[in-house]
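Got a structure for you, written out below as structure tokens; questions coming shortly.
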Amino acid sequence: MEMIHIIFLIFLGGAVLTYFSGKISKVLQDIFFLASVLVPAYLFFAYVGAGREATLSLGGITLIWGVNHFSWLFSLIVLGLGSMAAIYAIGYMKGKKRKGYFYFNFILSIMAMMGILLSIDLISFFIFWEIMTWSSYLVTIYNGHDIQRIGIKYFVFSAIGAYAMLMAIVIVHHLTGSFLMSSMINFYPNMSLSMQIWIPVMFLLAFGVKAAMMPLHVWAPDAYSNAPMAYTSIFSGALSKMGIYGMVIVLVTMINQIPQGFWFREVIAWLGGITAAIGTLWAIKQDDAKKLLAYSSVAQLGYIITGIAIGTELGMLAGLFLAVMHALFKGTLFMVTGAIEKQTGTTNFNEVTGLIRKMPWTFIAALLSIIALAGIPPLGGFVGKWMLYESLITSNHYLLVIVIFFSSTAAFLYCYKFLFGFFLGQEEKEWAHVKEAPAVMVVPMLIMAVMMFVLGTFPGIILKPINSGLMDLGFVDSFKHLWESSVILNVWGNHVVLQPILYWIIGIFVFFMIFLTWKGFKTTRYVSTKDISSSGEVPADDENLTFSVGFMQPFMRAVAPAMRRQIDKYYNGIADGLESLFEFIRRIYTGNGQTYTIYVIVFVVIVLLFKNILF
Amino acid sequence: MKKVLVILLLATLGYYVAGTYFDIGFGQPHFIKGLLPVKDIYLAQTVKSLKVSNAVTSIVVNFRGFDTLGEVTVLFLAVTALGSILYKKMNVLGERSVLFSSSSIVTSGSKLLFPAIILLGFYVFIHGHLSPGGGFQGGVIIASGFLLMLLAYENYSVSHTALSVVESLAGITFAGVGLLGFMHGGTFLQNFLPTGVLNHLFSGGIIPIIYIAVGFKVGAELTGVIYTVLHEKGESNG
Amino acid sequence: MVGTPVLFIAIPLLAAFLIPLLGMIWKELVRIVPGLVLTYLLILAVNLLVHVLAHGPVVEVIAGWVPPIGINLVFSVFSGFLVTLMIFLGLLVWAYSYRFKRNVDYEPALKYFLMLMMLITGSVGIVLTGDIFNMFVFIEITSISGYGLTAFYKGRDSAEASFKYVLLGSVASTFLLLAIMIIYSQLGTLNMADIANKIHLMNPTLKIVSYIFFVTALGIEAEIFPLNGWAPDAYAEAPGPVGAAFAGIVVKASVYAIIRYTFTIFDLSGAFNFLIIIGMITLIVAETAAIRQEKLKRMLAYSSIGQMGLVLVAFGFGTEEGVFAALFLMLNHAIIKSLLFFSGSYLVYNSKCKYIKEVNGMSKFLPVTSLLFALGAFAIVGLPPFAGFWSKLSVMTAAADSNMILIMVLVLMVSVVELVYYLRVVNRIYFFKKETAIEPKKPTFNALVVMIVLGVIILAIGFYPDVVTGVLHKASASLMDKSQYIHHVLSLRQ
Amino acid sequence: MDNTLFGYLNYAVYGTAVLVILIGLYGTMVKKSLLKVVIGLSVSDSGLNLLIVAIGYYKGGTAPIFSPGFLENFKSVSKMVDPVPQALVLTAIVIGFGVTAVALALVIRLYRHHGTLNIDEIKNLKW
Amino acid sequence: MEKVLLDILGAIVTFLVAFVVGMTYGGLNRKITARVQNRKGPPWYQNFIDAYKLSSKKSAIHHGVMHHLGPAFLMVTSVMTLLIVPVLSHNNWFPNLNFQGDLIFLLYIMTFGPLGMALGAGQTGNPNSAIGVTRGLSMMVGFEIPWVLALVALMIQYHTTSITGLMAVQAHSGTWLMFSSPFAFIAAVMALFGMFRYSPFDIVGAPTELASGPIAETGGKYLFVMMSSGSVFTFAKLTLYVDLFLGGADNLFILIIKTFALYLIPLLYSLVSPRYRTEQAIRWFWGWPSFFGLLAILQAIIF
């Protein structure tokens, strides 16, 4: 029995045990839950290296699991973020109902993601893909309100994607006689042109749904915002990366091999860019932190898609680095939102304000992740953004870079909205009782914030594994030796040296901090946010001056034409049309036995009339 | 509109069905040449090995006896289903429906005819293997005798339990004889009795036994059906 | 000697005749005896199946007359597999319906169990028999039991449903007899193997017409659109376990009949495409009709019809893989749909109209039942790692190998529809507030056991499909090998 | 097919049988009264039985009964009509009876439940 | 170690130069505005006086940590921009970080400060501050588009993303990029209007309406740091433009001339323009300036 088997068994058994141990003791349940996430994570990193394979024969199909550098990289995201989110979930779920249900699906999701990453054959890939879908679906509808639309939308889109993938898989099996990914890849250049186009398209449909690519993204904001925040952090941070993982494989190993691949990459890159722009615009409009972050996730995934779709090495690196970073900062941000939800009971910017002094550690985590999200140096987000722009510019995507840049600049608006809405602004009496979140929730956030900081200066830590992963996929490596240091560079030879920049920034910051604080901070006294110069008056205590409704109204007015068309509406229109069609079909069954008899005769007569054609 | 449509449909259907059967031909050999139809085997074997003079009986009871077992089961099930469908709570029969009461001529005439009818029924199914007729026909005749009595007498009653017992016993006989054949000869419904001489009453092995059982069963079942349906008045709310 | 196929018919018939007598001794016996009979038959079937897997088909002649003179029963791997499945399901249905309703009188209980047993026997007979007219008789046995069972409940519209069933069933038997007589008038024989041996001599027009009549007649029982008007009503109005029996047993037998005619008896090249066409239409219409249903059982019924359409499509590929996929589908459908009917019946137990909205929030009151329903829903839409996934995968693989891309697309699109309506119900069970004052009813112990057994089987097949795939592969091979079938039946000597 | 009187009989017998089936089906499909629907079923059954028996008929054939002396007189069984359809029709009749009985019972139930025999008013189950 | 000290020394010198020049420009701005409006106006050194006064004031209250540190964030941006932009070519005094960053990095480091300041402004709880911040950020999205279009055009035309690379191109060819890439220059200059937030794009501060917007609750040392940061930033930006489009400068005198000439463009435009509303401003930037930016890219692709 290979270690991979053991890992899966622990996941599976842990999920079941966790579910049922809740009937005995809540503490036991928490312990089981943590153990069944952390133990496999430890085992994986300690004992499973590239080249190890495990097999299982099911129904005449041999399922093969193994790990290479590329999947190892994603395992890092899944298990790292998964562990953090698991610890966080202990605090987040405390005192909530249906803990067992949540934990069960949480563990299954992580197992499914690991399964996807470890799958070497397409069938186990598909199986785990579907497990991932339904387990995440079950968590999505955990809260239970408004689920009719959200959960089903998510599941339907996922199912359409997954079924497209299933079709591709069986067609591949038909053509090659094997379910192995490697045989698909090896046979790919020999396929007919239509297959060469359709098989990647079908795969990309599946991956595009999970990665929330543009016309397929409509489920994402709702699903992300509806799931419990402890889960959304891996939902958005890790689960969506499975789409990216698949996309990279399809793009690198298949599409790059055919001349038509150029158009593929262009289309996907543009879809990614548009996704980023649309996601950002809608994120700015949201008044609820969950929704805002959800749309922001869509936008960030757009960058990642663009990066990997460009197909140059820098682009790939950028996309994958952004993927890692996105897991970190979006995971943290969702955790922050969850902490605030836990402490205040709401995540609406119009309700919560001025928590900075009540939840300082949460604020620090949020601040750092926002800086990373916005791509501001010296945090990690910048590195990814920089490489993305450089790869776009150096590969002649001039207009795309503008779209991306627009989206990335506009992202400042929602970044600020997030920070301001929760932490800044007037401190209202309503929230005077709020305390900092428990340590079990804060610590994971802070750990991840520190990681962002480290990666901002030493991106080589993560770029090296990305690079070796890409080499495993068959990428030719052109600037391998440089990833050791904290230098990022493009193919034109331009580079940014991050280390001195960090020192300078810290130096300047510390200098002016001291300058401002010197003899100052002690003697000045803190005054409440009511003590302000509002046209010369001091507002009363019960006067709510918080500015949060219509926060980005001017900007929204400027971009109003672009937001008038919602893709959602078209989908709803299609759905309504189909429903009425189905209603019509249903009326065939009139309820009159005689009519049914007539149907029988009609059937016979029709078949008899066409018997010469049919037989 | 609907009627025209139905007529058109049925006309088309009729065209094809009738055409097919016209192709087959009436009253002349229609089997494909060179094939040996089973009926020739049946006709040969019914005399040779079964010693049954009524070929239809030998087919019904022996060659295709399994069909008959199924057929009996269908009847049995029909009675069961009927009882189930028309079952009423409290286990009381509904009032009998009487359109008009019978005159004394009818009642005494029926009383007179009843034994004769029953006797005829018995005769028909006992001689099923010798002459036209058989268990089904005889059973129906018996049932018609009971029908006559039921029509003639408003308060004529048949014991439900007795019917049920007869029914069951007859069915068990059929299946049991089949199983005996199974134990004796290795195949279900196989003949294990001496076949006797053609055209004698005691001939044909198990065939008469089965046909007698069928006769009792059909008679009991049809009587049961008639009896149940006759007592279906009142209680409009179900 | 491991037993012979005829016992599958003879023993239940004997028991059926005995039961009224036994009931006079002790009333509870009418409930117990069918279970005992079915248990015995299950043991017999498993024994025989094991034997057949090792030694090839068992052909049983009746009344000592070898085919084509007499009637024969064929227990091949294919039919044996179906028989075992049906009897197993039948046993579960029996166990489930034992004390399903508390206050049923003696007489209806007797009749219910009797008809249930005959329903199963008839279906088994359809599968086992090697004679086309005998098949007609068994179809009628099944149908009449079905009519009775459908109309079992009083005070509902069950009689209406049953009447529609009778109407269409009679039309079906008309067409069936017409078809049988066409065959007989040409070939002079009623034995399937003999017919299969000689069918190439027949006038093609007559052959086609008789095939059409056969398909029409059997299609009514197998719920092919547009012949399935009775089915939703009957499923919805019959008692819950009977719905499961219809879906799991009766329809399977009818599909078997169609398949036997198409694969073994007739040699029409266009028949496979015809199966695909009607299967596809059935699938699409039924699944799309299901999504707008307001009543739970009707929804399940339409879903069941759709699944049967898919089975026909899979058979229509005409390849061994297609047959394998279809058999796998039938197996899964039998198990999963039974579970859905079983658990669904308890979810709407005390409701009068069985509306879907009445399952709202039932998970709080019936946790295990709800969980099993959800499991069944997940399994039937083909989500891994549950049983339904493997059959869906094999259907897709078979379709791809037959180059039926369009079929694949359509089937998968319909699958999405299916997914939607099942998820809606599951959502309602788990996440809606209970609105109505209907009292939830806790499942009886035996019902719970039955459902859990089914759930465990679903999981077992899902996690380790090898438990069934071996048998299924052999079964599909045995169906595909037409000459072997003919040889086995006709080589018997007096 | 010869043009003798018997040739016309060919059409007459089968034609009648098919016509009876169709009439029965027509009644089933069009008539509003449940009883008439059931009668339609019964009528089409009769037509069918007629058709089946007609198939077994041979020109100038005798009943398939080996009454004493038959074999001595005719020497050949080919003079007998086909007994198989007769056996089959026996089964078909019995089954037809069973179905009709069940159908009538259902009509009684429906009448009890709905208080009418009009099939158009018995449409509680639909869609 | 010696190099580090030298670097720090160079940075301090650069900072001082930028501070003085920036402050002076600010004073000149006020003077010129006054003269055009037919007022006498304050003396050109008025800003130095203000700065001195502010720096010597002692704050009595603060609104929390972010409010306290906001100016420091702002300063980081200004100084980092200054350090990355090559102040003088061929001069060993101000090498700073010239070769360690490029244009994209510059674009992003320039947003660091506004964010910090916005946080500080946000924590004061003054609604006017928040309104000002949102307007500022919205406007930023507006002017960044033409600005980036121009930069991208330059980058793709000369296949480099670093400022020094672009300066080398100019030195090599002898032509200023202002002339070889005129559309990019136009777009960039129009974007400069937005960066300086002078009229008509001064709705962010909106002195009368919003009580100076983001800085409404800031005074004393905080305001001093902000003010000096603004001055340094002004100088850094102008130097960047000079480096990119006007061929850089060999000595301080030429640099000051070129920067002042550039500074006059937004200054003079502001004198004749009324204020735009935020969305009008954004749309303005997405109009002609972006059009010129696209032309620049077109030119870069074709040539």
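Chains: A, B, C, D and E, in written order; residue numbering restarts at 1 for each.
Criterion: contacts are C-beta pairs under 8 Å (C-beta built on N, C-alpha and C of every residue); 3 or more make two chains touch, one makes a residue touch a chain.
Computed from a predicted model, the values in this text were never measured in an experiment.
Undergrad: From subunit A, count the fewest steps through touching chains until subunit C is reached.
TA: 1
Undergrad: Considering A-D alongside B-D, which chain pair is linked by more C-beta pairs in contact?
TA: Looking at contacts between chains, B-D has the larger number.
Undergrad: Averaged over CA atoms, how far is the centre of subunit C from the centre of subunit E? Could you give it in whole Å?
TA: 79
Undergrad: With chain centres defined as C-alpha means, what is the inter-centre distance between subunit B and subunit E in Å?
TA: 107
Undergrad: Need the CA-centroid distance for the pair subunit A / subunit E, whole Å please.
TA: Distance between chain centres: 36 Å.
Undergrad: Between subunit A and subunit B, what is the gap in Å from one C-alpha centre to the other?
TA: 73
Undergrad: Quick check: what residues of subunit D touch more than one other chain, meaning two or more?
TA: 21, 25, 28-30, 37, 51, 55, 84, 88, 91, 95, 98-99, 102, 106, 109, 113, 123-125, 127
Undergrad: Counting only residues that touch at least two other chains, what does the list for subunit C look like?
TA: 133, 137, 140, 144, 147-148, 151, 155, 159, 162-164, 167, 171, 178, 185, 190, 209, 232-233, 289, 292-293, in rising order.
Undergrad: What positions in subunit A touch 2 or more of the other chains?
TA: Subunit A, residues with two or more chain partners: 586, 589, 591, 593-594, 597-598, 601-602, 604, 608.
Undergrad: Provide the full list of chain pairs in touch.
TA: Touching chain pairs, listed by label, come out as A-B, A-C, A-D, A-E, B-C, B-D, C-D.
Undergrad: Which of the residues in subunit A come into contact with subunit C in the complex?
TA: It comes out as residues 57-60, 123, 126-128, 130-131, 133-134, 141, 144-145, 147-148, 151-152, 155-156, 159-160, 163-164, 166-167, 169-171, 173-174, 579, 581-583, 585-586, 588-589, 591, 593-597, 599-600, 602-604, 607-608, 611, 614-615.
Undergrad: Within the complex, which stretch of subunit D touches subunit A?
TA: Subunit D reaches subunit A through residues 25, 28-30, 37, 119-120, 123-127.
Undergrad: Per the contact definition, I'd like the list of subunit A residues that touch subunit E in the complex.
TA: Touching subunit E from subunit A are residues 354, 356-357, 367, 371, 374-377, 382, 385-386, 389-390, 393, 396, 398-399, 401-402, 405-406, 409-410, 412-413, 415-416, 419-420, 423-427, 490, 492, 494-497, 500-501, 504-505, 507-509, 512-513, 515-517, 520-521, 523-535, 545-547, 551-552, 554-555, 557-559.
Undergrad: Going by the contact rule set out above, which residues of subunit B touch subunit D in the complex?
TA: 2-3, 6-7, 10-11, 13-14, 17-18, 21-22, 24-30, 37-40, 42-44, 46-47, 53-56, 59-60, 64, 67-68, 70-71, 74-75, 77-79, 81-82, 85-86, 131-132, 134, 136, 198-199, 218, 225, 229, 232, 235-238
Undergrad: Residue numbers of subunit A touching subunit B in their complex, please.
TA: Within the complex, subunit A touches subunit B at residues 598, 601-602, 604-605, 608-609.
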